[in-house]
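A short write-up of the structure that comes next.
Just so it is clear, A, B, C and D label the chains in written order, and each chain counts residues from 1 on its own.
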Amino acid sequence: MMLEMTQKEEKFIIPIGPQHPALKEPGHFEFAVDGELVTDATVRLGYVHRGIEKGAEARNWNQNLYLVERICGICSHIHAFTYARGVERLAEVEVPPRAQAIRVLVAELERIHSHMLWFGVAAHEAGFDTLFMFSWRDRETIMDILEGLTGNRVNYSANVLGGVKFDVTDEHRKTILEAVDFMEKRTKHYLNVVTTDAMFLQRTRGIGVANLQQAHRLGILGPTARASGVKRDVRVDAPYSAYKQFPIKMVVETAGDLEARFVVRLKELFESYRLIREILNNMPEGDLQVKRFPRRIKPGEVISRVEAPRGEVFYYIRSNGGEMPERLKVRTPTMMNMASVLAMAVGHQLADMPMLLVGIDPCFSCNDRGVAICNSKGDHDQWTWERLRQHGIDFYAEKV
Amino acid sequence: MKIATMFSDVVGSFWKKPATVQYPFERVEAPTRLRGKLEWDPEKCTGCSLCSKDCPADAIEIITIDKKAKRFVMQYHMDRCTYCAQCIESCRFSCIEMSDEQWELAATSKVPFEVSYGREEDLAEALAKFALADTVETE
Amino acid sequence: MLSEPITPVEDLLKQAEAILIPWIPEEAIQGLDDGYPLMLNYTDRRIKVTGTGFPDCLDVNVSAEELLTVIQTLLDNDWGYLATITGVDLGVEAGEIEVLYHFCHGTAVVTLSVKVPRENPVVPSICGIIPSASFYERELLEMFGVTITNTPNTDHLFLPDNWPDNTYPLRKDFVMHAN
Amino acid sequence: MEAIGNIVSLLFFPGGLFVIFAGLMYEWLDHKIIARSQNRIGPRWFQPIADAIKLLTKEEIVPDGVNPVLFAILPLIALAGALTAALYVPMAGLKPAYSFAGDLIVTVYMLSLLTLSIGLAGANAKERFSLVGSTRALTQLFAYEAPFLLALLGPAIAAGSWQISEIVAYTETHTWMMILQPIGFVVALIGLMGKLELPPFDSPEAETEIVAGALTEYSGRGLAIFHLGKGAELIIGLTLITAFYMGGVSNPVWFLVKTVGLLAVLAALQSLMTRLRIDQTVGMWWRYGALLVLLQWLIIVVVQLV
């Protein structure tokens, strides 16, 4: 059987995705293997393309805030933050300093939860489920804080145009500081685990190396790039919002392998802990929102860049003076990092593929943004709910 | 290079309370800021419809019965709601609130998700006029 | 590891202007004390300060033919990295599609804007200079129908394989039906 | 009378239902201990039984392109092999139902039938994950089989017999073999983990790479039977190691205490390790496992000569 197949297709291709236990979101990878060795890799994206860029052109400025928040399920605040910052610049509205600080506070809390989530998933891909369970247990403390602070575990909706929705009370301050102390202790422990555990290092050290030159050529972003020695972090290069008052240090490693990616992300957490303490101890006083935010925004275009947990998020917003944006372009970090996986995959074992894929912290929802539902007849209208429902009913009626 | 670096965690957790709970039998209390089911107060509403305009999910409909007498009915499509609380921000007369208790909102049909708010007489009139959903919740 | 001090945005933009000087029209520079065009309020669309005049952006209009030379010059002088390529459909009336190449360096952003006719939009591929631009170009191709000469890969990236030909979702005349 | 006795021992005790049920219970215990060591509650006691019942009642889908006879019969062979092996081991601390000289070798090979069947089942399917999984399962089989068998033969040499009942009688009356032959004990324990494809030797069924490995195409009955076979193998393996290395199993209480203790050690090892790649697994077995066992043998031979 096996002989037949290899002769017929020449290449033995292992498909990973769109549905596969290694991928928590849909994407389709094809790895051509020779035995256990990967010789070629291709990717097909777009399974979670939802037409957000087009959809944004049909919604008003306020509604879009929640639309972009749903680009990503993990770093939802970052997208709303980037969008709000861009729109506020466009409208020439100055956001009160307290609101800025709270935005950055939530962004850093989100970074912690995102990095811990990634850490657990990466450990799971390596087959180290105990580390996975413990890191996710600890991540819950941050999730609880976010829930207590904003009301939701994900999609916090902390932002409104011109400020934030809620205040940080003394009670919150206390719980956050306690949680940060606990997390710092745990992170130290995890850093020790990933840099000393012999069994784990067998799966990470020297695997998937991208050196500085390759990183530049492939255009890798975020922690993945910083693990290869690329000194690029929007929070440091172009401080925005409250990062001007609360500066952050850049964490850079040079090895460029999977281990370095673990180390960079975990060390970044220490910076986040420090920043959260600093913000909480020096919280500026003042309003949470501007009095009035214009419903129409004068014509113009703006670029807004923010460092998400996965790398630089780039928004290009253009207004034509109406209630809705004329164009909203979103560039997420995963898009660039995805190409790096394909380049790094060749020459590695099949067993390393999930680790490599996860090593960039891919976020397929971020990556695919999107468009309308289409059928093969060339009718490109979006289907309404009614039509979709009717289609479902007819489909099953035919079947029975 | 060490082995079994997680040893202390593994042994220690036998003496710790498990981090997980058996959900339907044991519930973790929701925080007070939780955004649950929307609640609307018809007395303060001026019918400006900003909530409905800013709702990203099209979940709110304000039905005007008599604009001068300030008689309005809100139809709330809970199945579309994303619980983002923009309506609370948009409302200048703070007639909208979100419950922190009603959040286990699941049902096997869509009927309980069509909620209408308003004064009783307004609701009756709206029901006659616009044929609202069958289940009507009164304030 | 301590981060290096941040270069002021004015310096970065001055560098960019020095690099891009052949493509900046003369009338823009004339009459300036320090030759720093950002101080001027432009009416010329060849170089413009973005909409509301953000002091960290420099936009330069270039033609499709010049594009590769400009990008090569920027990269040769080690100024920034390609952040993304944005397409903007200026509408049926304007009859043009604007393709924006955003380059970031520290706090500054330089945007090269190429305008191509809507009927026959063609831009050269920049993959020869920046290999990672392939994904952006594929996106531009499928969303706006901009023909990209010499791009290594023209497969669909986001849209399904059975997506109808000549249907470009991000163009303004592609109408989405509301419920 | 004898016929009835045979039927009982084949269908109920110690083969058949008892082994299946006990296997499921040990599997639950394994899951529970791992869950607790990861600070989770873990499944309730009937979970593996509920899983098995659910799978047995599900529709079985026979994929295109497989040999349907082989597809149906392989799980049965695997389970039959495991249940046959149960007849020769001192299950629950009681005397083995059947015994003859050299039954140790037969038992070990009956246990290998399971892995062989899984490997064949994977190769039978057209599916890519199955093929990779079966290649890995068979590769791993060749890696651990020799060291595992050699490790079990250590006590046999000390007892001077290759008959399980005689070896057990010997170990019950002497010092625990795990003290006399510690290397053999460690290799046997890790060999059992390899045999059962437990972490860190679970690359043949590594879910994040190849979904469910060789059994990807199996659903319903076939999967359930393979599953039961694995449970049976778990309990037989534990019995063999406790009987050989931990001072024998003279009565049901001691059997329970010792096997559960050994299972706890297995669970702890599982929860502390990262999955090894197949090349690392094979390398480890041949580089260290085989050499260590040979060293153990050398020591045994030298001691016996002296």
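Just so it is clear, a contact is a pair of C-beta atoms (placed from the backbone, for glycine too) under 8 Å apart; a residue touches a chain by one contact, two chains touch by 3 or more.
Source: prediction; values computed, not measured.
Looking at chain A and chain B, the chains that touch each of them are D. Here A-C and A-D were compared by C-beta pairs in contact; the pair with more is A-C. If you average the Cα atoms of chain A and of chain C, the two centres end up 25 Å apart. Centre-to-centre separation between chain A and chain D, using Cα means, comes to 43 Å.
If you average the CA atoms of chain B and of chain D, the two centres end up 53 Å from each other.
Contact of a single residue of chain D with at least two other chains is seen at positions 37-40, 271-273.
Counting only residues that touch two or more partner chains, chain B has 3-4, 6, 9-10, 19.
Shown for chain A are the residues in touch with two or more other chains, namely 130, 134, 137, 197, 199-200. All chain pairs that touch, listed by label, are A-B, A-C, A-D, B-D.
On the chain B side of its complex with chain A, the touching residues are 1-6, 9-10, 19, 31, 33-35, 53-57, 82-86, 89-90, 98, 100.
The part of chain D that touches chain B in the complex is made up of residues 35-42, 268, 271-273. Across the complex, chain A meets chain B through its residues 59-60, 62-67, 69-70, 130-131, 134, 137, 140, 147-152, 155, 157, 160, 165-166, 189, 192-193, 196-201. Taken together, the chain B residues at the contact with chain D in this complex read 3-4, 6-7, 9-11, 13-14, 16, 18-22.
Those residues of chain A that touch chain C in the complex are listed here as 45-46, 49, 51, 53-55, 58, 89-90, 92, 216-219, 231-233, 236-239, 247, 249-252, 298-303, 305, 312, 314, 316, 318-319, 326-327, 329, 331, 335-336, 338-339, 368-372, 374, 376, 378-382, 384-386.
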